[in-house]
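Have a look at this one.
Letters A, B, C, D, E and F mark the chains as written, and numbering starts fresh at 1 in each.
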Amino acid sequence: MTTSQRYGPQYGPDITFLGVPRCTWSDPATYADADVVILGAPFDGGTSHRPGTRFGPQYIRQTCYLPQDGSRPSLALRVDGLQGDLTVHDAGDVEMYSGDAERSVRDLQEAVHAIASNGAIPLVLGGDHTIAWPDAAGVAQHLGQGRVSMIHFDAHADTGDIEFGSLVGHGTPMRRLLESGAVRGDRFLQLGLRGYWPGPETLAWMAEQGMRSYEMTEIVARGLEECLTEAFAIATDACDGVFLSVDIDVCDPGHAPGTGTPEPGGLTARQLLDAVRRIAYELPVAGVDVVEVSPPYDHAEITSALANRVVLEVLSGIARRRRDERDGTTWDPRQPLLDGR
Amino acid sequence: MTTSQRYGPQYGPDITFLGVPRCTWSDPATYADADVVILGAPFDGGTSHRPGTRFGPQYIRQTCYLPQDGSRPSLALRVDGLQGDLTVHDAGDVEMYSGDAERSVRDLQEAVHAIASNGAIPLVLGGDHTIAWPDAAGVAQHLGQGRVSMIHFDAHADTGDIEFGSLVGHGTPMRRLLESGAVRGDRFLQLGLRGYWPGPETLAWMAEQGMRSYEMTEIVARGLEECLTEAFAIATDACDGVFLSVDIDVCDPGHAPGTGTPEPGGLTARQLLDAVRRIAYELPVAGVDVVEVSPPYDHAEITSALANRVVLEVLSGIARRRRDERDGTTWDPRQPLLDGR
Amino acid sequence: MTTSQRYGPQYGPDITFLGVPRCTWSDPATYADADVVILGAPFDGGTSHRPGTRFGPQYIRQTCYLPQDGSRPSLALRVDGLQGDLTVHDAGDVEMYSGDAERSVRDLQEAVHAIASNGAIPLVLGGDHTIAWPDAAGVAQHLGQGRVSMIHFDAHADTGDIEFGSLVGHGTPMRRLLESGAVRGDRFLQLGLRGYWPGPETLAWMAEQGMRSYEMTEIVARGLEECLTEAFAIATDACDGVFLSVDIDVCDPGHAPGTGTPEPGGLTARQLLDAVRRIAYELPVAGVDVVEVSPPYDHAEITSALANRVVLEVLSGIARRRRDERDGTTWDPRQPLLDGR
Amino acid sequence: MTTSQRYGPQYGPDITFLGVPRCTWSDPATYADADVVILGAPFDGGTSHRPGTRFGPQYIRQTCYLPQDGSRPSLALRVDGLQGDLTVHDAGDVEMYSGDAERSVRDLQEAVHAIASNGAIPLVLGGDHTIAWPDAAGVAQHLGQGRVSMIHFDAHADTGDIEFGSLVGHGTPMRRLLESGAVRGDRFLQLGLRGYWPGPETLAWMAEQGMRSYEMTEIVARGLEECLTEAFAIATDACDGVFLSVDIDVCDPGHAPGTGTPEPGGLTARQLLDAVRRIAYELPVAGVDVVEVSPPYDHAEITSALANRVVLEVLSGIARRRRDERDGTTWDPRQPLLDGR
Amino acid sequence: MTTSQRYGPQYGPDITFLGVPRCTWSDPATYADADVVILGAPFDGGTSHRPGTRFGPQYIRQTCYLPQDGSRPSLALRVDGLQGDLTVHDAGDVEMYSGDAERSVRDLQEAVHAIASNGAIPLVLGGDHTIAWPDAAGVAQHLGQGRVSMIHFDAHADTGDIEFGSLVGHGTPMRRLLESGAVRGDRFLQLGLRGYWPGPETLAWMAEQGMRSYEMTEIVARGLEECLTEAFAIATDACDGVFLSVDIDVCDPGHAPGTGTPEPGGLTARQLLDAVRRIAYELPVAGVDVVEVSPPYDHAEITSALANRVVLEVLSGIARRRRDERDGTTWDPRQPLLDGR
Amino acid sequence: MTTSQRYGPQYGPDITFLGVPRCTWSDPATYADADVVILGAPFDGGTSHRPGTRFGPQYIRQTCYLPQDGSRPSLALRVDGLQGDLTVHDAGDVEMYSGDAERSVRDLQEAVHAIASNGAIPLVLGGDHTIAWPDAAGVAQHLGQGRVSMIHFDAHADTGDIEFGSLVGHGTPMRRLLESGAVRGDRFLQLGLRGYWPGPETLAWMAEQGMRSYEMTEIVARGLEECLTEAFAIATDACDGVFLSVDIDVCDPGHAPGTGTPEPGGLTARQLLDAVRRIAYELPVAGVDVVEVSPPYDHAEITSALANRVVLEVLSGIARRRRDERDGTTWDPRQPLLDGR
């Protein structure tokens, strides 16, 4: 893919995330001043069960009851993560053919790498979790192999070896990523795992890599805040950036029914939003993806709305982090809303 | 509106809240002995996004799997908030034409004022949040301007200035209410705000009014119980009554999908029910509304059922408060169900 | 019902719970080595409101995105509750005609008793809560009248006397069960009750029986863990086994919309899964049922998925309990996932 | 059931069909002047597949966007089938316990017979098709065994012998009815049959009874109008009245998705409405039921709305028939709407 | 409204009908070469029952599975109604506040009139049927009072006098239109009426105006084609243009469930598409609206898709009419698809 | 794929079409006596819009309210298309990875060819329309290139050249099929096309191939029966067998909402069933597929039910054709149901 022409969204009209300006990933001039570039990855060819995440990018972009005016002042953080405090562009989608996973993965990595190389943080809207592999690999391609740590919210480890006889699929991306060397196993943090997959063999492989996976039982017993703090220390040890990958199914199906492989007993939406905000505020985020939103299985668009807010919390957190770094201030979650900043 | 003829529900058959007796708001004799009069406000002309709350009153009235027999003995409080411990009537709806907000607002305030003047607590079933303005204003008309404090559960501040070029709408009622002087800004308590609206200008205006708004971040950090206790002290300082306004979108969309402007990351249904119960039990409630239930966006009627229970918790709390005041007893939430009262 | 021929599922194709082997309840040779036998009870003739639980057994059996291969290694407990660590068979359904409650109840009790007598734990998939009566009675028929205690998760006490003029129905099974002497009133523990039913008369009757019912207000005030621990002590006092009955409506409708009589303000899915796991791991479970899953009212199959996981948590907990008893080990919920066993 | 107290609707508030006056079936004085009495039969214990028809009566009564004012002037027939041209009362529901088919059937027949004996045409809202047996039998009890012919719209013959081991169920009512002698086999007309049930044995039995069943293939090949005309001649030969039984599944699932056993390839809604109107206008209708509307499976209430209109077409047709008999006039379907009467 | 700034869509991102170019209605230079200008009227404040049509314009614009590329070659007519054979622009929405019907109606008429005056055919996407009044009046304002005839597809006459105490509402627009003199009563053709509204008084008023209304009974008896031919003769007698108003509820609810007041027994989608095509091809269309599409009540977007195709059939019909007029050719519906043109 | 082990269904438990016996396509001995072998093709990687057809095979297999007993006596044709009159086996699914279209297509063709070579008619359940290419090619591989004609029901021509940059996809299969020479262009019959795709260039290519495509306008104008008769003559001219490919979207979205690219204005379900029956009865069917059923977009399973009946009509038609050929009899669609055979 060498053209500098904007492809636009693959499904539906050419809109952008809540109305931020358009850009073209292959034409760096179009996003020269952007802090973050949003990219859609409308691919669901890798899902092992319910498809539909191909429509994720378009729904995440626009599911909001407020005007699509490219501005969202955060009540909690008192910054605008879309304009003023941060500059965000939307590069449209990478063309991804769900029937051709290999080419889709390759093209996506090229786009992510281009954005990272040109100085912006790539924020990718999935799509199924297959895309986490090219997303994080694209960032590592820029920052250096093994220089990116991973914080991965998910009900599933996504570390399977072969799925449906293929090396590419939404249950395998994290294994591909580790095997490629892009991300070190001992800088790979998982939160929210639960249920009955994978089996002992894969768990043993994960342990060998030095991965640290927080199953929901541990999170409930110790508290999410404590687990996050522990994970943050690992993530920032000898790494230059953090890739944040949010599979919406980390939340309980009551909060996120619109997904492909819902596993009961997850986080609340509130917990996820608070956790994502802490990460964006406290860590040097170098890349992000939000995946596995499947609109056909959603109700009243509550899952798409949650994913839209996950994106906004990331952006607001980054914006606030930058402002506080600049101003030497600190954000206090206990401060009353109307007490000024 | 001067006729003393009952209008009945605007949409569908003439039913009452879970079967309580009918009355006519303009004919005080029909509710002479009532402690509470329920009134429907089937208006959704003010909503800025998804409509449908016009069907709120009818769904809230009847969404319950138990017989519609005008009786609901509370397990938690051991009183019957519909009969015996409290007398409740249902005045049907005020005719509200969604295409004519001004007249609708005026007529509703007249009805609310009439009920309050005649000695009953008005409990209004919305409709969109536009109605909070006439609801609280109608009560203040009776108790005295500035003598009513407001406790307002909502994801949104509803303090916008102009919406779609109009002074009337569901994003503006609280501003109208403050500007009218009916409720003092420094007796205006908001709980559950979150998200990305309004912007700094409106927040500054709110701060100027002396409002106290508890954003979800503060609520999570400090705990809801502590925030409520703090708010209760403000609400009862130099006021004669409390108006309780519950926008169902204060709950997380997972618990209340059937609403017009769902904002992820809200309270659980359990938290809302417990909070509302405390308010009704601990404070001198002078008026209530439950708004923004939009049945077309609901699933399996779970949002309507929640709103029905919010109403019942209010009624049960008032009933228990009155009994305890009379008997000199106190309610203990830790008491086992089967240990007598 | 005296034939030894397998009846199979009443609605739809002949499948088994996630692919475990088939057996026939009336032919003990077919499940000679089974620790647990699953039985479907597709009956909704007893429900007082929304029907649909007749489809519960088929949905609970197969609602899972993983292969139906008769194996589910638990991440939390590190055992496989379906094979290897525990042997589970599925006897299909008992033929239950929703229009003939009496015969259905009688036939179900016969099947449950047969399974228990032949040394396996019966695990019954409902169906409405009517079936708890024959389920627990069938187990008591084997263990001895009054030798089985009951732990009952539910929003409703299910202790009504007469429902719609009939002695049989989903609001009455617990009364029938106590009256029959199968379960002692003072070994009858209820968790999760809430709402507005039953009234004082029935509560008085429950108190007379010595029942212990934890309403949600008490559970919130004291914490679920503390209540469970207290209940466990009662349940194991002078009883030989515990019957666990899980009405899915104990969860909040946001987590379990697909049920007949949803009552807002319930447990989260996470709380239920953790509680059920503790029971299976800490107590001598002699019988189980999971009831009131109504697929027609579900969304994206999240309620069926939750019920499927409730079953798996029970099975995994029993498997781990047996292994730890054998090995003299103990399960630690704080242990990281990848730290070996 | 001997009380003369009105039972009211079994599920939900006490409403009537589009607001017509209430009456009590066991108290003839309450409907002394009624031409037609509507009765609800909220029973779904007999259905062999999807339940939910217990909510049919309440949905059919009120699914209409016009005011529930007890008046519906027909554009096509220029009469008001609810008031003025015909007097209609609503007796509420017969209490029907879905878990006890035998008693439910017995009680319903008693009510239908009482209404017919007192000079009104009973019009029963189902419920599943089980009720057609007591409905038609109750009318025959009044008019005389074998003096009532049957016109039966249905995708299914409902002439099975035993269903789920029971003699009572929605697949067997027509056989019960014939065996009882209430309706003669050679005055039994069926329209709209299709699909793959029943098998040859049952078809042979039906042929022996002299039944006349119009399968959809014949209806398409010959035209519905011709088939109806032929059927009318049989129905009025040596009979004193016609019982019209409309199973909503006679329509294609595209027009009536909210039903228990949808069979593709049925009539359009338009065809059914026109056919029902002809019957009510041209034949001496002595009883009616409209069955198998299952609201949980409906979408946007289109099936309930269709059933509501089927009832109104029957009532309008009867009203117009009576007026034309009185005035010596004839209805012309080709007459323009605004050409006066 | 005097600004020449494009308002854009009121709800959601700024998209256009299937990707056609943008224009601004108040700035004629932006659509100087347009044959047709599309305008959204997102108003549902006038609906008497289910709201939701405010989202109609956005759904109608984009509900299509093909690329939003501003081109749609018609298989049936072999022209492209969006580009090449016809030039179409989309002016976005007129800002319509559902709580203020009067102002909304006034602003819409101004916009429609502006478009018509500037030489383009206005094609308005509703919105509820209230908008037909300003739509047709705006066209008549340009062509001359009484010089426009009306062809109106609808289940309802929309000729009520007062609705909910207001002169403005979706049941009254046609009366307003006639009373204003914009359209002559004897050039007012209605097709598809059915059901039970309005009553005799209103029908008498309609007859007095000389209206010609084809109720479904007449349409079935005579055939739709014959009725259309008859109507065409009236519509073109002493008029300069035809306004085509399509209420999607003219179709059966099975084909168009997503609407506010569904009336069973309507046209099929196929019939409507063919009829609309004939009108656009055979008559001098001067204005069009497509109304009453309510996405919240739709399923799988089939109603929005139908409305999108109604628009395309109109545009394709106009395009083919112009080409045939230019080339002296005639369209033959029996011509095989691949026989060239 | 060379193993003779049965793969079983890819999604969900191992069931068969309505309970017919299992077989393995790679092991001819397992279906030596079968007339027809059913094969699932759960692939949706080729769809250009809404996915979900991967679940088509499982839903089509079991969506039926009757027992899954491997028997379906047809009322219309008086044969049992599943047993007795025809022997049908179900080979489960071919493993199809939606992310790898090329391999999926290759494996499917191998399976279809194997079945045809072994003397059974392959009947493939899709899956998106991509599969029509390997389906028909697999049959032609057995019968001879160009010796199979195609009858193709579809809203879309599926003759695109390149879709999303790939040669494989559901809009291109028919082109691939023609280009391969498997099916001759002048023996390629399409019925039900409509809408706005493809454009003139592709239509010209189709004309060059000698294809005969019946657009809905021609079908309405001439009548479906006449078009079918004409098509039958072409299909049987110099060909040895007919491949019947049914895309469920040939039906109107009101009858078949659960599909990926719904195009308004299609056939009714009744028309499709009658047409398919005629083909199976009158022509030498050599292979069949039923595609584009997308359960996530379905409502109340009406689309799956329709597809299930399409399969049954094919099987019943073949069975009756064979019996009539054997007995020298003829089927008469006008014969009354109960007049014997």
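The rule we apply is simple: a contact is a pair of C-beta atoms (placed from the backbone, for glycine too) under 8 Å apart; a residue touches a chain by one contact, two chains touch by 3 or more.
Only a predicted model underlies this, so the values are computations on that prediction, with no experimental measurement involved.
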Shared interface partners, meaning chains that touch subunit C and subunit D
B, F
Can we say the copies subunit B and subunit C touch using the same residue numbers, with more than half in common, or are the two sides different?
different
Please pick, from D-F, B-D or C-D, the pair whose interface repeats that of A-E, with more than half of the contact pairs identical by residue number.
B-D
If I rank B-D and E-F by number of C-beta contact pairs, which comes first?
E-F
If you average the Cα atoms of subunit A and of subunit B to get two centres, how far apart are those centres in Å?
38
Subunit B-subunit F separation of Cα centroids, rounded to whole Å:
57
Could you check subunit C for residues that touch two or more other chains and list them?
49-50, 252, 254-255, 268, 297, 299
All chain pairs that touch each other
A-B, A-C, A-E, A-F, B-C, B-D, B-E, C-D, C-F, D-E, D-F, E-F
Where on subunit E is subunit F touching in the complex?
65-66, 71-76, 78, 252, 254-256, 268-270, 273-274, 299-302, 305-306, 309, 312, 333-340
Please give the residue numbers of subunit D that touch subunit B in the complex, ascending.
12-16, 19, 61-62, 68
For the subunit B and subunit E complex, residues of the former touching the latter
10-11, 44-47, 49-52, 54-55, 95, 97-102, 104, 130, 164-166, 168-169, 296-297
In their complex, what parts of subunit C are in touch with subunit B?
48-50, 193-200, 203, 206-207, 211-218, 220-222, 252-255, 257-258, 260-266, 268, 297-299
